[in-house]
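Structures incoming, each one as structure tokens.
Each of the two complexes below includes chain A, the first together with chain B, the second together with chain C.
Coming up: the complex of A and B.
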């Protein structure tokens, strides 16, 4: 599947708030502990942001809003990534860019 | 099928901005719990509800309507509903919960007030100045309207001379204690959960009442670090606490936070958590209105759920005075 790369995507997401996904080592502990078994969030969607794959982020918007923000993933994250706050930042980004809401 | 996310977000944000709550409820329903209690208005220490327990019957109406609408052709008109909501409060068309449901929603704030009085805590309340915190909007990333609401809450607290706000539910506790200081640089109100206030005070133990299973709220246990207090209070009230498979800081979510946008996913997660709680045996207690409602719904009568405050109240042989 072809896709458009937006190198500045991570910067635009950071305009919406704190986003420390670059600390993620992609170990998968978050996915393993997620109560909803979200296999895309957080690490894959975070990677999409870092790689500038905005279409992929938009395609996964329902997953971004499905997250319970329960923070169980943060309890086990070896890199100490602020996963829930990153998800909230992604929501702010989507609220603005996808739904035209004031954030 | 869920309603379009953008329209639901827009309605919730507009409600908070225009009407002071994601789901506006009549002022009389927000303050009814305090009728006949003779509590002072304001003062240095107040019991702050954030309207969360009072909101629950209204939230359940909303979720039921979302589930109905999501499967109907009317879902296509959700954008129109959003525009209309800027002029008329469309959630009012969901209907008012029954008198019994509204009475139920007063029980926990009344129970907490009785427990605090029994423990010798002197406090006032804010009546109609006790505003919703904006918790759901914050979770959904609607930060601009949350900042507006935080300033409204701050003005009401300052206007009533409040230095310490004692909160009831985990979400209002988190908003006032952790989020507001980030949003408002001059936020200077101390915030404690009623569980922390009660646990600070030495109480005489009472005879053993039996066993209860404790479901920790994610927000209270992980975000606010309130883990030992409910256990200490239950033990002091004569209960042996049974821990489910995941508890304390590793507690498992009730699914409730997904309810506003994806009610089916919320219910599925609640059912999974109910199985863990059922396996631990006995009556299940929790200190969060969202957990309570979501887990009760998923259990469908197969597990008994109680709010922690009511269990403590009964163990202390304190009576919950009927309203009116």
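Coming up: the complex of A and C.
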């Protein structure tokens, strides 16, 4: 069953702050350097946001909150994606949309 | 068998640094041939093509007064001219040298059979010696060259070439099949990488070309025939005269073919082609250039665009080549869309992106500006359907862990590549060499990139294979340089290894005329007294005429029947 792509999720996430992962080229350096060994964060979750796959983002919400924000991935990212900033924005978005929290 | 002429031949067998001698016993080859009649010098060399060995060969030729040379090393494609020049330096006629290939034909092909490779090498070298024994000195044919050139095709490559030829002092006939000059680029708006307008670029070129009195522009015209030879071709051109079509003839020394390409045209249903809202790349570029402001298709605002790459290129059962211009062209088109107003979602569905050189920067730029790139597997292409609520493309995205997603789009661009143009009549008229992919072939992709095997017929632009407009112009100017190098000297030297007719034996049957693929043979004299005559400047030395002659009255200099027979004797004799 395929999921329908929409730009609308990324627009809503951006209402919660800066989110910019278009430069990501899916090299996987972020996943390789993650000290927690988070499998889907950051690159796959970022793809879900950009493609508008909201269910997938919700499924991975725990991972989004597990990130240490250590920025090891960001230091290594060859495309200069602001990964930690994106994760913070994503948390603010999930706080709102999942838990109804305004932070 | 006639008595063997008394010859003094030098034989050099190459180790090729082990490439040959690891498999072929080169010392045994020498030992087996040094007693052959006429052999005066026989030795091995680590690298025969090295300056040191060439100098040794020159010294041997001069001191031993050699009148024949055999080099047994690699392919004649590689070093024929190397050793012809060495012979020349030593004062030996270059046509008294024979190249024997014991690398590609022996060591490289028979790595598992050293004995067999060695025996084969002995036979080949012996054949080479036998051929050399029957050589006679030949002198190149010298022809005067015309100071005019013909350019076929009035696109950006042909226009630039015509201007270049005129600027260098050569007269030009520029022939264009359609009614207008300009070709593909002349129909384009903004083109990458610098955003110049294609129509304006071509209009500027055309103005300069038309202003030159030394350029004759013929539109609605086609080249239908060619006679004569390099330096002095006569081209037949069909033009639209006042009383309908007529054929004119022009004298030119060289011909530059710049006939361009065709856009790949998808079949009905191929990736949804034929469905409303599915366009090819050229159709999309036309749409982009036709208006300003937010993009519309058939009066409806376009908010979402999909691009599917490699349509008609890199196909396992179709065109195998990459058309190389289409990735950058589609990226650039998506940037033009982004320039016309925010809020258009753009999804690029690709197999591999090939944004080489500075196009890489545009690729990054397009991602920064919101274009999303989704990668599909070669064997899992996207599917396209139109439902009540619009056009949809479904793809399994390898960059999102193989997630299958459906993208609703207002417009889908099939990023189509280039295919060879159908030009059968021109190919026939000019004997153009066509590659397996249908594009025209150069002699050497690196060192002789615009010359063809037909002397004085050059190729430029996308008729040779997919090229961007800047690459087409570069090859057009390369063809100008080569044309000038050939014609500005005023004379040309042609290979003397051509067919000759023994007038005493010829019965005038004309079989050879029919056999010649280059129209180099004609009948002279009156009926009953007719004789075949070979125009040495037109003959390519292919030898096609010699076996058909019932009287053995036609022979190929350098490969006479006697020489070929002696070579066969050398090949079959016991080792």
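The rule is simple: the second predicted complex is superposed on the first by the 96 of 103 C-alpha atoms of A that agree within 3 Å, B and C clash if a C-alpha of one lies under 4 Å from a C-alpha of the other, contacts with A are read in each partner's own complex, and residues count from 1 in each chain.
In the analysis below, contacts are C-beta pairs under 8 Å (C-beta built on N, C-alpha and C of every residue); 3 or more make two chains touch, one makes a residue touch a chain.
All values reported here derive from a predicted model rather than from experimental measurement.
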If you stack the two complexes on chain A, which partner ends up touching A:22: first (chain B), second (chain C), both, or neither? second
Which partner does A:2 contact after superposing on A: first (chain B), second (chain C), both, neither? second
After the superposition on A, what does A:31 contact: first (chain B), second (chain C), both or neither? neither
Chain A residues touched by each partner, larger count belonging to chain B or chain C: B
Kindly classify A:92 by the partners it touches after superposition: chain B alone (first), chain C alone (second), both, or neither? first
One more residue to check, A:75. First (chain B), second (chain C), both or neither? first
For A:50, using the defined touch cut-off, is the partner it touches chain B, chain C, both, or neither? Pick first, second, both or neither. second
Give one of first, second, both or neither to describe whether A:102 is in contact with chain B, with chain C, with both, or with none. first
Where on chain A do chain B and chain C both make contact? none
With touch defined as at the start, can you tell me which chain A residues reach chain B in the complex? 16-17, 35-36, 61-62, 65-66, 68-72, 74-75, 88-92, 94-95, 98-103
So, in the complex, the side of chain A touching chain C is made of residues 1-7, 22-23, 25-26, 44, 47-48, 50-51, 53, 56
Show me the residue ranges of chain B that touch chain A in the complex, using the header's touch definition. 2, 5-6, 9-10, 13, 138-145, 218, 222-223, 249-253, 255, 257-258, 261-262, 265, 269, 272-273
Please give the residue numbers of chain C that touch chain A in the complex, ascending. 304, 345, 347, 364, 367-372, 374, 394, 397, 399-401, 403-408
